[in-house]
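Got a structure here, written out as structure tokens. Questions coming.
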Amino acid sequence: MAGETAADFAPILYMLGFGLVASVPALILSRLVSPRRRYNPVKFLPMECGQMPTGEGRSHFMMQYYAYILMFVVFDVMSIFLYAWGTALFSIPKAATLPIIGFLGIMFAAMGYALFLAGRKGIW
Amino acid sequence: MSSNNNKEEPKKPAAAPPAKPSTTKTTAPAKPATPAAAKPPAPAAPKPAAAAPPPKKEPEPPAFEKGLVDEIKKKFGDSIKTVFIRPLRIKIQVEPRDITEVATFLRDSMGFDHAESVTGTDYPKDGQIEVTYHLGSYSRDDLGAQVLSLTTRTNRDDARLPTLINVYKSVEYHERETFEMLGVYFDGHPRNERFLLPEDWADIPPLRKDFRIKGR
Amino acid sequence: MATYTKNFRFGEFVGSLIWLILWILIIIALVGLPLIFIVLFYVPLPPVNGQVLTPYLFLTMTVDPSRTLPIIKYMIHTDLFRITTFPGFTYAALIAAVTIFIERKFLAKMQLRVGPLYAGKIEGILQLIADGLKLIAKEIIVPSGADKPLFWAAPIAFVAAAAAVVALIPAAPTWVAANVDVGLLAVFAILGFFPLIALLFSWASNSKYPFIGGLRALHQMIAFEIPFILSALSVVILSGTLNLTGIVNSQITSYWFIFFAPISAFVFYISSLAELERIPFDLPEAESEIVAGWLTETSGMIYGLLQLGSYVKTYALAALFVILFLGGWAGPAVMPVELIPGYTGVQIYNHTTADAILWFTLKVFGVIMLMLLPRGISPRIRIDILLHTGWYKLIVLAFINIFVALALIYGGILGPGGLLVR
Amino acid sequence: MTGGPHMADPIFIAVAVLTVGTAILALEARELIYGAIALAISMLGIAGFFLLLDAPFVAMFQIAVYVGAVAVLIIFTVMLVRTQALFTTKEDKKRKGAGIALMLIIMASLGALLLASGLNGQFGNFDNAQTVDFKQIGHLMLTYYAPALIILGLTLAGSVIAALALARREDVEQQHERTD
Amino acid sequence: MTSLEDKFEESKRLGLQIVKESEEDRLMTLSIGPQHPGSGHFRFTIKVDGDYIVYCDPDPGYVHRGEEKMSEYRNFIQNIPHLERPVIHDSTNITYAYSLAVEELVGIEVPRRGQYIRAIASELNRQVYTLYWLAIYGIFLGHSTMFMWPTGDRELFIDLLEALTGARVTHAFNIPGGVRNDTPDGFKDRCIRQVRYFEKRLKEYEDIFYNNPLFRQRTEQVGVLTKEDAIKLGVAGSVLRASGIPYDIRKAEPYDIYNEIDFKVQYMKTGDSFARSYVPFLDMKESCHIIEQLLDKMPQSGEVRAKLQPNPKGPPGEAYRRVESGRGALGYHIISDGTPKPYRVKISVGSFRNMLALPFLLVGQKLADMPSVYWSLNYWPVEADR
Amino acid sequence: MWSNNMSELIDFMLVAVALVAVGIYGLVVKRNAIRMLFSIEIIANAANLTLVAFSRGLSNAQGQTFALFSIAIAAAEVAVGLGLIIVAYRLYKEIDVAEFRSMRG
Amino acid sequence: MTSAGDLIKAIESGSKHLVIRRFTFRYPEQKLKFVGDGYQFDPKRGVGIAGYRGRHILFHDKCTGCQLCAIACEGIAEAIGMVKVDEQWKQNKKAIMPQIDFGKCVFCGLCVDACPFYALFMTNDYELSSFTKEHLIYTPAQLAIKPKYQGDVEIVIDDRGATHG
């Protein structure tokens, strides 16, 4: 029977929907109740500490820590892979721990080198 | 480019008439604050008659300060005018063209290593602006209490002085302030710009005497 | 409002009230009643106690007390109740509200202040309602040049995602909205939305300070997500399941996992602080550097929703801590067996569930207090120190405890047939 | 519980429309950032398919990795690239038409191929197939596919180092580095 | 050599990579202030390259009110209430130097008891100022408890000053010739009791704030101002003493009765943000000792104020007197032309001098270090603008 | 097409085919490097969908295991791909692949 | 591991304060106790008498209308103006008395210092807020009223910390 698991997950979707149901009326109500004074265009300028905004608000190169985001993609995958191992731990033979040790070893080496690279200042 | 010309000009009036208010300062300190040179307060004998050599008017200049002035005088001779020598306070006046040299000497040989403040005073009667650098010392312990006022005068209408920013890094903002408050242009200062006043300030420099506060 | 008082006339006021009531009645008659009838005709109603629940029966049941209990009992066991009320949204929002109040008073006490005092007469207990009303009544300012769809959608998505995490939290045996086999993984999957929402919202604001704040939020959540996942891994190893109810049950048959995985608990605690952007990890909202971080351009109810979402998230993570490390609802029985002594009719009161709810709530509040504590005693830390902590220290600590857990399993102390399993 | 056999069909259609629609939107959205969001939603749709296929572990993995990590990385990179670079649409109409034609041809031919194949008969109907416990994944991964796991580890390690090596700034590498 | 180039060179000395190419891509201009929770009435523009500040330009003047010009229109006594406005949290000290200078010009001697009361008020006010400064430093670093505690304990000293002077912040207490009034009854006991209690509280500050490892991580080795640079920039007060120069006007040029008081000049050698934030704390500790000594040594009775006519004037002349305020040396340069109104008043304040260190220290730091460096400079924007 | 009320393997396959076609369309038409990356991701996801669908049909976990591997590798590929795009953007200030080609010389 | 110890110390210091009495002073219910009745000045000795500098009090039987207070205030706040009063006092032939605009007053008390006749003192009253600026201008008649200020809260210091009553 397909879709049994999906039915288990349905309450999450409902809850998400209920989150919408709880929050959207709050916004609508606020929109109805609150005053709307739009005659002062300065009010709608982006925050720039009382100055006229200069430059773009959006383009910014926070390059110094970009390495960590790159690393995250890979090591997130690694850590969730470990869950597959963790849940199956009771059902696999003890010798099967060796591959995961090998996997972890490789990942540790990669992580160590990557962290070394990411920690070096001035190249990011 | 024309800074050379402009520098030459103000020195003449600065040299010619000794300014009245500054040379007549003969008030002895009523209450000496120094622990070391605790002098009995001499009765104040203000003599407003302008005279050329002011040091003589001082009751008796304290020895240490006198020594400092002598050291400067030995190097620069008569281009230095001593305005007064008091306990812990010395005021000397130099020509604008000499000021960089004197300041460099004061910094390198005397140990006055920073400027506490730069201030200017407008003397419309003399047509001059007096700019004073209060120099102090952190590195010499015996100079810790001393404040040497290095003074120079410039023409009021075309106020230009050489900057001391290359000698004293600490005068950067003070000179900027003096520029906008008194209109003294410091040749060689990187930013003779608005500093404290509003961005749309379009009046004469406010600390000049002909600037009046509204309603007063 | 001052202008109203000048020419205020009582007759006009009453008249306007009557007009208002009239309009409401007209709207109900024209829209509400047909809607209700359509629902009643087309939606099949379930049988309760052998009878099909018709609207008529529903009305009689509300009048007859002996018929009230079955219908309440039926309503309690629907999905709708779970989602809206008990382990779901209302419970979480209630705990969030109490958390806000406790936070204010607790912090005030620590700082020798009194905290909210006047709203609600008793120690400012209605301050939150006052704040909520104020936020609703405030104008929402959308900065010019903002990306309007994203700007409006992000707070809603924030609340919805926080609520979706709550759906996975079991608050008592069988009391969970979504009993999923991969519950823990689902929690992490949903938590992964938050950095994205923060980033998109900050981008949508079209302002510099929010953008820096959003980038910081992203970096911070990302740096702590891996320790977060890894610290829960040792619990998974110890219990052998990803189902949150199963994790609690395996702690009931054994001991609380905080005794076996204290380092993991510590890492989890620190990481959840970082995920929640609470002090000392509130860099995305560091007000002395970047005004208010990614919340700079928020105003009115948008800010209110983001706060609601973050406090619901606080509840969710505290509950997760309780479930993973503190044995969930496990605790000695303290509630009376019967609510009304001698009553033997249809009971909606179940004392084991009541016990579970009590202990769970108490533990959650304990953990929440622990999460509030650093706000009083520590300054904000810097982003490079934060990244360094997350990547270089906590990951190592989490791995240490994974190996400890592994040793416990392979040493035969825990796991199926282990020494410490009752 | 809701769900169950009656629900599967409309839900399937909904998820299919969502997935394919957002996939198209991801490519056609005017702003790249909306494209990235659409891609993330498309990935969520795929995760929904996984749930419909009774693979919750893979579904959650998909959400955690694609939405939690890949979408974040993509959106972050999109934000790094300056706005004017994003608005260059240099595709000509002819090329686009050809692309759409190619898409339709592939769709039609492969679809026909699929329909003509005997997939329906053999195990097309999921009724008689057992659902798989996700714990078997870990079991398989560590026993039979252990070499693959190791190779995967090597791939991941290589990719992270390659990505870091690519993304760093070469222009300042020659100069001295900060040491602190 | 322009100022910007100069800063770039300095930043190179600090070891920062200044982007040469594709600058417009990487740099973002942020304006800190005037409506910024982390600036005060002050604005500085910074440019950040990612997380690093590569350029900083202070732009003060938002609270400039021309105190120096205003002083030329009022007589020596009338100047007192408005001259304390630039820094009302330290209003005794800022009028102290003014009073000293006017006394020198007019030629009056302050009675001994008056000198002691002046010094007591000045030390109490220093505590008030430093506690306020510390509170803001706490909230700048996100430590809300450290905001609440000092603001609460500041109340101890405000109450004392209120009993002594009659106003809670704007005391207008020092006056040329002494102080306005004598101490009230029981002031000494109350003062000693509250100062003793405060000394106990200082230990709590150390526990929760100064010894907190998170605080240390944020401030140690951040914004290091070496001894040479400190001298070169001519900074004052706690910033100077944190860089290893034990220079305190109270010791270097003792005014009034400070040469009779036994105290040490507190200084540290590291010159980082931590030292700059710790030196005022040490000063507070030392100040407690000074207050106790002053109360002990104070003459039991006597005049507190020299008689002088309502419009005091002296002979033409000039005076430059300094005191050690909460922010360092505070000097008044007054030129008198013989009339009851000063011809020219120049206020040389520590904040204005310390502002020069701001771009010097900020360039090369991380954005998150901005508040910790900025506020550790003991900068009070209103005072710098005057 | 659907004989009963259930979705079948073939339906999932059809969706996968549609996704692959969309991906190929993107690869052919789009010149923006990031959009091409999107296309690759869409195709990879179609492959994953097929794997899991067959796994469901055959009642074994191998398909799911491979889907996991595939997702992991796709993530790694995205990391490398975006690294490449960043490099290219830095060099050429452009993320249009045609521009890369023309500026190679 | 000194840093861990320091952190624990910080936590302990913070949580210790959960049982310490709170310091906050609840203003409308509690009011501070001030020294004396207000700032006064003794022109014979030329020195003030310590007290709180709140709203002024004017003794009509002593005021001579000499305007010294107004002159003193001229350069400071310009808050004092002399107005005609209806009353007849023999020491005040011109029948003018000060009127104080508390919207401008800075409460420096130099007008009290200037008064040579013990006519103008200050009181403990500081609750002067009003809805309009006009209400802040106190006529001589209003200034003559002695305020009823009752403050009784002082800082109490004991083993459990300091508190405002």
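Going in written order, the chains are labelled A, B, C, D, E, F and G, and every chain counts its residues from 1.
Just so we're on the same page, a residue touches a chain if its C-beta (ideal position, glycine included) is under 8 Å from a C-beta of that chain, and two chains touch if they have at least 3 such contacts.
As the structure is a prediction and not an experimental result, all values here were calculated from the model.
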item: Greatest separation from subunit G - chain, by CA centre; value: F
item: A-F or E-G, whichever has more C-beta pairs in contact; value: E-G
item: Distance between chain centroids, defined by C-alpha means - subunit E, subunit F (Å); value: 63
item: Averaged-CA centre spacing for the pair subunit G and subunit A, given as whole angstrom; value: 58
item: Rounded Å distance between subunit B and subunit E, as computed from the means of their C-alpha atoms; value: 25
item: Euclidean distance of C-alpha centroids - subunit A vs subunit C, Å; value: 18
item: Overlap residues in subunit C, where contacts from two or more other chains coincide; value: 79, 110-113, 180-181, 185-186, 188, 190, 203, 208-209, 212, 218, 222, 225, 291, 376-378, 383-384
item: Subunit A: positions in contact with at least two other chains; value: 2, 5, 8-10, 48-49, 55, 58-63, 65-66, 69-77, 80-81, 84, 86-87, 89, 97, 111, 118, 122, 124
item: Set of subunit E residues in contact with two or more other chains; value: 17, 25, 28, 36, 51, 73, 145, 152, 208-209, 212, 214
item: Complex contacts: residues of subunit A adjacent to subunit F; value: 2, 66, 70, 73-74, 76-77, 81, 84
item: Subunit B contact footprint on subunit E (complex, rising order); value: 1-3, 6, 60-61, 64, 66, 68-70, 73, 100, 103-110, 230-236, 240, 245, 247, 252-256, 259, 314-322, 329, 331, 333, 335, 337, 343-344, 346, 348, 352-353, 355-356, 385-386
item: Interfacial residue positions of subunit A with respect to subunit E in the complex; value: 48-51, 54-55, 59-65, 122, 124
item: Contact set on subunit A toward subunit C in their complex; value: 5, 8-20, 22-24, 26-27, 29-31, 33-37, 41, 43-49, 53, 55, 57-58, 60, 62, 65, 68-69, 71-72, 75-76, 79-80, 82-83, 86-87, 89-90, 94, 97, 111, 115, 118-119
item: Residue ranges of subunit F in contact with subunit D within the complex; value: 2, 4-15, 17-26, 28-32, 34-35, 37-39, 41-42, 45, 48-49, 52-53, 55-62, 64-65, 67-69, 71-80, 82-87, 89-90, 93-96, 98
